[in-house]
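Order of writing sets the labels: A, B and C. Residues in every chain begin at 1.
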C-alpha cells in the first residue's frame, strides 16, 4: 500500500532491527531488512510491514507479496515460508509503533496565523466565506463555495462546483465535482479502533483517505472516517442524510441513499442503488448487494443478496420480520382475536 | 408561497416557454405565461409553479389558486381545468430547475474577510466572541451572546437574550427571544430529499425557513432542517436534547420535550406538551397529538390521539407493548415459569 | 459543593430573605441566614442551598451537613429538624434562580477580537492551528495540538500531548495528558434538564465540570455534558466512538469502550473495562459493573453486576435474549420447522 504523501509526511524507512529495538519484539530474520511501508496483510506489497493477530483460529487473508510480518505466537504458522517476522504479544501495537515512526499526519503540524495558506491553490472562481481556513497543499476547484468557519486540511482536494457547508472539517480526503457537504460534516477523521498495548488500550492509527465521488451529498453533522490503510469510498450520486456514521474502509457504490442516524461499521460494502432507512445499523465486514432495501431501524449482521428487502433486529427478510411482529401481537393480546 | 428575500435572492420571473426550453418539458398552455414564484401544489398561489408527481394513484392536495403546473402523465387528470401545464417524465426535477433559476440562497455568495459584516445589525448590548462570523443582513438582539466560531448566515434574525453556543451554524432562520442553541447545533440546513432527474438522483432544493419561538432550547450537535417551501417550526419553550434530527417542514407545538437521538421525519406534527423519550423515531407526515408520551426507542408510523402513551417498534399503546414483551419472555423461557 | 471559579464567576452570597423576595418562596427560618453555595441535597455542605422536589413518596438522599433547603409541601417532612427552609410550589425553580444569581458561566462574557487571549497560557511547545480561539484562563500543555476553528473556553485545562480536533468546543473541562478529541466533539455543554417554573418549563442550569483523564479518546461529533453540580468523568484510557451522547454526572471507569451512537443518560455509572456496542442506550441512574458487555442496540434499564453480557430492549442476559429471538422466529414461521 502507498500512504498518500499529501496527507502523511514520510519520515523514512526503518529496519526490522530498529523496530525490534523500539518495541521489544523478537526478530526472526535479517535485522538489516528495510521496512519501507505499512499495510494490512491482505494488501501488503514488497517492503510493507504487515501484522497478524487474533487467536490464530481463522486463516488470515495474506497478500502474495507480503514478506515482512509482525505476529503473535498464535499466528506463527500462517507466516509464509521465507518471510521475516517480528514476534510479539501485541503485534498490532508493534505495527502501530512502526507506522507512527514512518508517517506523520500533516495536519498535526498545521499551525500559524494564515487563514488561507499561501501554499493552497484556491481557484479564482471559488468563493471562500469569512472564518474558513485552508491548509497548505489543499486545492479548491472552480465554482466551489467554502462556507464560514470551515476547516480544510493539508493536501485535501476539492473539485469544481462543490458546496462545503459552515463549520465542516475535511481532512485526508479527495472530493470530486458537485460534492455537497452540509454544515458540521466530519470528513476524514481517524476511525474507531482500539488495540492492545503493553500499557493498556490505545487508538489504532489511521493512514488511509476518504474519497467522495462526483455529486455525493453528505448531511449535517455526519461523520465519514478515513480508512486504516486503504480508503473509505462513496460512489457517484450517493446521498447521505444528517447525523450518520460511516466507519473506516467502508465502500458504498453509486446512488446509495442512507437516511438519518444510519451507522455503518468498518469495512462494510453496500452496492449501487441500495436504500437504507433511518437508524439502520450494519455490523462490520457485512456485504450488501445492489438494489437492496433495509427498513428503518434494521440491525444487519449478515450479507444480503441483490434486490432483497429486509427489516428488524437482527435483520431478516421483511415478510418474515413482519410475520413475527404480527404473530407476537396476536398471541400476546388474546382479547383482540375474538 | 413567498420565498423570503432575506435568505434567497430573487433572480426574476420565468415564462413557461423558458422553463420548457431549459428542461425539455412539453408545454400545454400559453408559453408567455409568467412564473413568479414556486410552491407545493397544496400551497400554490397565483403565479406560483406547482408540481404533481408520483404514480397518480392518490389524489393530490391542490390549492384552489394554483394555475401553473408541471406534471407527469400519471397525474395529468388531476390538473385543474384551464390551468397551464408542463408535462415531463420527472416533474420534480423540472420544478427544481425552474426554482434554482428563480432563487439563489444568499449564503452561497457570502465571501470575504469581514468577520462581522458592516451590513449586519448587532445590538450594542449583544456580546460576540472571537471567531464568530455574522453575515450581511443578520440581526442580533440586545443581551444575546454569540459564542466563538459561530456562523450566522445572511438575513438571520436572532432576538434578545439568546445564547448561541460555540461552533453552531444558523442559516435561513428566525429566532425569538431567550432562545438557546448549544454548541454545534445546525439550524437551517437543506433537508434530505432525493429527486429523480434525467442524469440520476439529485438533491431537492429547499426554499423555506426555520422558526424557533421564544425560550426554545436546542441541544449540542442537533440538526433542524429548513422547510422545502414552507417552514420548520418549534413552538415556545420546546426543549430538544443533544444529537437530535428534525427534518424539513416539521411543526412542534409549545413545551414539547425531546430526548437525545430523537429523529423526526419530514412534515411530522407534534402537539403541545408531548414528551418524546430518547431515540424515538417518527415516520414522515405522522401527526402526534397533545400531551402524548412516547417511550424511549419507540418507532412510530401512525398518528396518535391526545394524551396517549405509546412504546415499541412499530409503536403501539404502551400496555399492549409491555404485554407483548412480557408474554414473549414467559413463553420463550419455560424454566422460569415453574 | 464548591463551584469551580475557573468556569463560573462567583457573584456573591445571598440571604434566605433575598431569595424569598426574588422568587416568592415562603421562608421558615432566619431571613438573614447567608447562602454561600449551591448543591444537590445529597452533597450539600454548610452554607449550601439544597432543594427537595418530587411527590415526596421516596426518601431523598440528604447530606448530614445540609442546613438550608428549598422544598415543596410534599417534601416538608424530609427537611432535617432545625434546618431553615424556603417553601415553594416549584423548589427546583427557586434553587435555579438563586444559583444563577450567585454564579455566572464565564464563557457568556467572552467577547472581543483576541483569538488567543493574552490571559491564556499556551506552552511554547504546543501547536495552534489557524482559526482556533483560546479564552482567558485556559491552559494548553506541552506538545498538544489545537486544530483549526477550535473553541477553548475560559479556564479550560488541557494537558500535555493532547490532540484537539478541528471545530471542537471545550468548556468547563479539565483534560489530562494524551487526551484526543476528534473533530466536532462537544465537551462541557449544559446537560438536558427541564424544570417547572411559574411561567412554564425552563432549562436547569449546570454548574459542574467535565473531567477527561489521561489517554481518553472522544470521537467526532460526540457530546459530553458537564455535571449539574458535580462532575462528569471519564477514566483513563476510556475510548468513545463518534456521535455518542454522555449526559451530566455520568462516571465511566478506566478503559471503557463505547461504539457509535451510544447514549448514556444522567448519573449512570459504568465500571472499568466494560464494552458498550453500537447504539446502546442506558437509562438514568443505572449502575453497570466492571467487565460488562452490552450487545449493539441494547436498551438498558436495570443495574448489571460485574462480568455480565446482556442484550436486547429492555436488556436482559444475552442467552435469554437470544432464546427469545430464536423462539419467536421458530413459532411465527412454522414452515421452516419441517
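To be clear about the criterion, a contact is a pair of C-beta atoms (placed from the backbone, for glycine too) under 8 Å apart; a residue touches a chain by one contact, two chains touch by 3 or more.
Please read all numbers here as calculations on a predicted model, not as lab measurements.
Asks: For the identical-sequence pair chain A and chain C, what's the CA-based rotation angle in degrees, nearest 5?
Replies: In degrees, rounded to 5: 120.
Asks: Residue numbers at the chain A-chain B interface: does the shared fraction exceed half, giving same, or fall under half, giving different?
Replies: Different: fewer than half of the residue numbers at the chain A-chain B interface appear in both copies.
Asks: Need the CA-centroid distance for the pair chain A / chain B, whole Å please.
Replies: Spacing between the chain centres: roughly 31 Å.
Asks: Would you mind listing the residues of chain B that make contact with two or more other chains?
Replies: Where chain B meets two or more other chains at a single residue, that happens at 131, 149, 167, 184, 221, 243, 261, 279, 328, 331.
Asks: In their shared complex, at which residues does chain A touch chain C?
Replies: Its residues touching chain C are 107-115, 131, 133, 135, 149-151, 153, 167-169, 171, 184, 186, 189-190, 192, 194, 200-203, 221, 223, 225, 243, 245, 247, 261, 263, 265, 279, 281, 283, 299, 313-314, 316, 320, 323-324, 326-328, 331.
Asks: Quick one: in the complex, what on chain B touches chain C?
Replies: Touch list, chain B to chain C: 127-131, 145, 147-149, 163, 165-167, 180, 182-184, 215, 217, 219-221, 236-237, 239, 241-243, 255, 257, 259-261, 278-279, 296-297, 325, 328-329, 331-333.
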